[in-house]
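Working notes, structure below.
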Amino acid sequence: MNSFGRIFRVTIFGESHGESVGINIDGCPAGLSLSPEDFNVDIERRKGGVQKGTTPRKEDDIPFFKSGVFNNTTTGAPVTILFENNNTRSSDYSKQRAVPRPGHADMVARQKFGGFEDFRGGGHFSGRLTVCLVAAGVIAKKLLSSLKLSVEATISEVAGEKDTEKGLQRAIDAKDSVGGIVECRVSGLPAGLGEPFFDSAESLLAHAVFAIPAVRGVEFGTGFAAARMFGSEHNDAIEDTTGKTRTNHAGGIVGGLTNGNELVFRIAIKPTSSTPKEQQTLNLETNNVEAFSVKGRHDLCIALRVPVVLEAVTAIVLADLLMLERHIPRILNS
Amino acid sequence: MNSFGRIFRVTIFGESHGESVGINIDGCPAGLSLSPEDFNVDIERRKGGVQKGTTPRKEDDIPFFKSGVFNNTTTGAPVTILFENNNTRSSDYSKQRAVPRPGHADMVARQKFGGFEDFRGGGHFSGRLTVCLVAAGVIAKKLLSSLKLSVEATISEVAGEKDTEKGLQRAIDAKDSVGGIVECRVSGLPAGLGEPFFDSAESLLAHAVFAIPAVRGVEFGTGFAAARMFGSEHNDAIEDTTGKTRTNHAGGIVGGLTNGNELVFRIAIKPTSSTPKEQQTLNLETNNVEAFSVKGRHDLCIALRVPVVLEAVTAIVLADLLMLERHIPRILNS
Amino acid sequence: MNSFGRIFRVTIFGESHGESVGINIDGCPAGLSLSPEDFNVDIERRKGGVQKGTTPRKEDDIPFFKSGVFNNTTTGAPVTILFENNNTRSSDYSKQRAVPRPGHADMVARQKFGGFEDFRGGGHFSGRLTVCLVAAGVIAKKLLSSLKLSVEATISEVAGEKDTEKGLQRAIDAKDSVGGIVECRVSGLPAGLGEPFFDSAESLLAHAVFAIPAVRGVEFGTGFAAARMFGSEHNDAIEDTTGKTRTNHAGGIVGGLTNGNELVFRIAIKPTSSTPKEQQTLNLETNNVEAFSVKGRHDLCIALRVPVVLEAVTAIVLADLLMLERHIPRILNS
Amino acid sequence: MNSFGRIFRVTIFGESHGESVGINIDGCPAGLSLSPEDFNVDIERRKGGVQKGTTPRKEDDIPFFKSGVFNNTTTGAPVTILFENNNTRSSDYSKQRAVPRPGHADMVARQKFGGFEDFRGGGHFSGRLTVCLVAAGVIAKKLLSSLKLSVEATISEVAGEKDTEKGLQRAIDAKDSVGGIVECRVSGLPAGLGEPFFDSAESLLAHAVFAIPAVRGVEFGTGFAAARMFGSEHNDAIEDTTGKTRTNHAGGIVGGLTNGNELVFRIAIKPTSSTPKEQQTLNLETNNVEAFSVKGRHDLCIALRVPVVLEAVTAIVLADLLMLERHIPRILNS
C-alpha cells in the first residue's frame, strides 16, 4: 500500500504527469518548527540539472503545506505536503502508449490496472514521487536532529568506479546509462531499535529502501562479503558496556536491533532504464518486437540522485523506531 | 512487531529454551486439508544432524494444532501451531549470562529489555523460531500449489565455493564457521503482484527475509551486479503480451510488481556466530574483555539450513499478495 | 490515527480554517468512472444553509482531484481529493483562544498538543472534515452500487420528536440547540461480511461511526431495547437457506457477521455544542469561570447534517469488508 | 481480523470445543511481574456456576504461559497464554449440525466458511473465547495500575430491573432468558488519550466492545439520552485548568479525547440466545422450519458474566492509548 510506518506514518500519492504529487505524514509530534525553506537543500540535492549525468528537467518543487502546519509549527494533526507538476510534456509519452519501455513499469502497470493506469511518464511508478519521500525525510531528519542524530548517504560507486567522474565518463563514452552503489551511515543511534520478530531494523529499512525506484539490492555491514568470511573474522568483539565493538562488520545491527555502533548499509541502483542506446521491445499495436529509442533527455546515472532519497527513507524508519522506544515525545519543546 | 502480512497474517512467539515456540496464522482460507504429516518434509529439511556441517541437536519438532483445524481441514478461524522445546540444556547457557556472545543478540536484547529477556540460548532471538516460519510456510505453499505455483530455494555458495562440500571443508580445515548464499526461485507467478508505493514485491520479500536470523543482504535478479551494467545491457526486452522477456536481469520484478517472469533473488548468510575458534568479548561482571569459547556443538554453516526457511517466508509473502489480488478465494474447494 | 480500513483505506487531513481539508483513498479499484459532478448531491445534502435549523455558512465545497483519477476514471493509484477552505472568518475564533468552548475539543486539543494545535474553528477536530468523509463515501457508494447495494440513512428523531419540524421548533422556542437520532439501513448485503474476532461488522461500523463528531451512542437492531427483551422474543427465526429471518431484531448482524437480512443501526447525536444560550466556562487567562456566549450562527441541530455522513462511513466500512470477501475486483469493467 | 491494538496488540484464537483457546499479547513491556495466580480473581468472576442465573459448566481455566514469561516476569517478547478445553461434551452439539440455533452464529459461520467451520458449541464464535480477553485484560490492568488507574464494570440492569435479583426472577418466572446493561467507569485518566480522526477514544472502545459476543449497543456519558437534551443542558462547564468539569454528561470524552474526567460508558447485552423456551428455526436437512429446544444448561442472563470482560477490553484499549502517549515505558522497574 501507499502507507508506511506504525506511529510516524507516511502516505504517498500522485503521478508524474498528473496535477500533483504529495505526501501525508501522520504521527508527527506537535511543536516542530517547519517552514518551506527547511526543504530547500534536500530538494535541490535531489534535482536533476545540477550534476553531470543527471537530467536537466527543471522542476520548481515548492512544498505546499496543505494541513498540519500553523504558525510555521507542526500542530500534531497530519501534515500534508503537495508538489505541483509544472514542467511536464505529456505528448512525449502519449505516443509511446503502445510501446512499453523496457526496464520501466509501463507493461506491469497496464497488467495490474487493466489499462486504466495513468501511463504518462510512468504515472504513479515514476521517480517523480521521490520528491515526496525527500519532503517527509526532511521532517524525519529534523526529529532525529533533536536527538543529535544525523543520517548521511553518499554515492560510493558509479559504473563500478569509486570515482564518480570516471564512472560517468564510461557512460558518456558508451552512449549508455549506468548504475551505482549508494551507502548510508548513521552514528549515535541508541542500542535496541528494531522490533523482533518481523520488524527487525534491517527488515524495516529494507522495506522502505525497495520502495525507491531502481533499487536492486541492499546489504548491511559487510553484507554479501560476509558470506565469504569466517565466523571468527566476522564477529565484532564487544568492548564496553555501551555495546561498542572493536570492528563493525555487523553494520550496527545484531539480532535485528541496533547495537549502538554506526549503522552502515549499501544499496545497488540499476542503470537508468531510459538509455540513449536503441533497444527492442514489444509494440502492443503491431504485436511485433521492434526497435525503440527513448525520446528526450534522461539521467545517465539515476544513482546520483538517490543519496538524499536514501537518507529520507532511513530517517523515516528511524523516527518511527525511536517513537516506539519512546525516545521522541508527542510534543516538542522547541 | 511479531506479526507480518495484511490478509494472510502470521504472528510468531516463543523462546529457544522456554516451554514452546509457535505461530498463529490468521486469514488462512477455510477448506484447506492439513495434517501433521504435511509438515514432515520441510521440518526435516530444516533440522540439524542430517547434513555435514549442521548441528546434531535432535529436536522432535512435532507440530501441535491448537486452533483452526477441524477434521484435518482448516476452518477459516486462525490456525495456531505449537512446537514444544524438549531437547534443551539451559545450564549450557546460564553460566554465560555475564558473557554476551559476539555476533549474537545477547547484548542488544539485554539493552532493549533491561535484563528481563529470556537469555537462554538466545531466547526469542534464537534460530529456533524458524521452525515456526517453516510451519507457516508449509501452509502458504499448499495455498500456492493450488495455483500450480512452487517455491524453490537452494544453497548456491558456501564459504565462497559453489560446491557445498568444498566450502564446508574450508570450515573444517580452518576450525571455524562459514557463511553462504541462498537463492530462491518461483515460476508461474501472475504479473502484477506487489502494491505500490511502499509494498513493492521486493519491499515485502526483503522485509520478511531480514526476519530470518543471520541474513545480511538481499538482491533481486542481477542485484548488485546491476550497478556495474549498462542500461542497454540490463534492460529485459519484452517479447509478448504476457510480459515474457528475452532475458531476466530484473529477476521477475519491475516497478515493484511481478512481471510474469521467473522470480529470482538471493540472500547472503553470515558465518555462524558460534564458531569453534576462541574469540574475545566483554565480561559484564569483571568489565574486562576476555577470551571466550563456545561450548557445545553448533552448525559450521547455518546457511545450509536456510533454504527451507527462505521458501517459507517467500511463500508467506506471495500468499498474501495473491489474496490482495483476489487470486486465492476465502473458501477452498478441495 | 487518521487512517481507517484494511484494503479500501482512507486517510483524512486538514483543519477548519487552514488552507484545505482532504482525503486520500488507497485501494480503490481501477476503472471506476469518477467526475466532480458525482459528488454534488451528497455534498449538497451535507451543507448548511438549506434546511431550517442548519447554519447558513456557505461553503463552495468543490472536490479537487489531486491524484488517482485520469480521464474521469480511477487509475488504481491512491485517489486524493482536496477541498479548499474559503469561507472562513478566523477573527471570530482567535479572540476566543483563552476561552475553551464547552462541549468542543478546544480544551482537550490544547492539552494533547501542548498549545500547538490549530485552534481556529476547532481545527482538525472540526465538523468541517466530514466533507472529506462524504467524498470518500461517494466513491464507496459507487463501488457498492456496482453490487446493487445502496445505503440509506435518515433522521429519525429530533429533540425527542419523530417529526423533525416539531423537534426544531422546540429548539427555536427554547433558544437552544438540540440533538437527534439517525438511522441507517442497507439491504441486499451478502451473508458473511465481518471478520471474527475483533473486526466484527459491528466493531468496524462502530469504530467508523464514532469518528463522526457529536456521536454519543450506537445500537444495532433492537439495540438497547434488546436488554429488556426475553430471549425467545429477541431471537430471529431462520426461515430459509439464504439465512432470511422472520423478524430482524438482530439488525442484520449475528455473531459479528452480516446474516443476509437488512442491516439496521442507529446513532445518537448530542445537541450542537455551540448553542445560542449563555453558558459558563473557564477563562484560561483570568483563571475564572465566566459567562460565555457563542458568536456567529451555528446549527441548531447538527444531527440534521449527519445522515449523509453516516451513509459515507457505512459505505466505507462495507466496501472494505466486501473486498476482504473478494466481492469487489481490483479492476472494474465499467 | 483476530488481532487488535497498535502497540499493545492482542491476537486471539481457538474454538469452544477444540483443543484450546488462547491469546497472544505483543508489545507488553518487559519487567512486569506475572504469575498464574494473578488471573484467579478475574477468571473466577467470569465463570459460570457461581451466580444465580449463570450456567454451572465448570471450567478449570488455568492460564498456561507458553511464551514471554521468564522467572515470573514478562520478558518483552510476546506473551502467549493458553487455556485447555476440558469440560466439553461435543455430542451435545454434533446432532444439532443441521439445525442452526436462532440468535447464534451457526448459520452465518456456515455461510462464511462454507461448512468447514468448527461448529461444535459455536466454535470460534463461542463466548468461551472471552476467557482469553479476560487474561489479556489482567495484564492490561496491571499496566494501568502502575499508573494508579483502575477499571471497574458493574451490572446496572437485568431484564429492565436495577435490582439484579428481581431481573433474574423475571427470567425464572418466564422460563426464558433475559438481557442486561453493563456500565464501565475509569477514573484518574490523563487528558488527551485517543487519536484523531479515526482512532477516537470512543471508536477504539466501541470497536473492542463489539468483539464481546451479545453486545448490541454502546453509549458514552449520557449517550442516547443526549439526543433529547438541550445543548446548554448537555455541555459540561470546564472548571479548572486540568479540564475538570462541573457535570460529566460527556462521560469523560470530548472531541474523541479523554478530558481528564471519569470515563463512563454503558453497553447493552441481548438476552442469552440459548433460552429454555421452545423456538423455531430452519432444519437444513429437511428444509422445514421446525420447533427447536436447547439441550443442556445455559446462562439465563449472560450479561452477568460480562462486567469482567468489559473491564478487560477497556483496559486493553487504554493500555494501547497510554503507550501511544508515552505514558507507559518499554521496561518497567518493578
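Residue numbering begins at 1 within each chain, and the chains themselves are lettered A, B, C and D in the order written.
Convention: a residue touches a chain if its C-beta (ideal position, glycine included) is under 8 Å from a C-beta of that chain, and two chains touch if they have at least 3 such contacts.
Everything quoted here is computed from the prediction, not taken from an experiment.
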| item | value |
| --- | --- |
| Far-end chain from chain B, centres as C-alpha averages | C |
| Interface numbering overlap (same over half, different under half) for chain B and chain C | same |
| Computed distance of Cα centres, chain C from chain B, in Å | 44 |
| Approximate Å spacing (C-alpha centroids) for the pair chain A, chain B | 26 |
| Whole-Å separation of chain centres (CA-atom averages), chain A against chain C | 37 |
| Multi-chain contact sites of chain D, meaning residues that touch two or more partners | 1-3, 6, 12, 77, 112, 124, 196, 330 |
| Touch list for chain B against partner chain D, complex | 1-3, 9, 11-15, 18-22, 24, 26-27, 30-31, 65-68, 70, 73-80, 82, 112-114, 116-118, 123-124, 330-331, 333 |
| Contact set on chain A toward chain B in their complex | 1-4, 6, 12, 100, 102-105, 107-109, 111-112, 124-125, 129, 157, 159-160, 171, 174, 176-181, 191-192, 195-200, 202-204, 206-211, 213, 215-224, 226-241, 243, 245-246, 250-251, 254-260, 268-275, 277-282, 284, 287, 289, 303 |
| Parts of chain D lying in touch with chain A, wherever the complex brings them together | 6-7, 77, 196, 324-326, 329-330 |
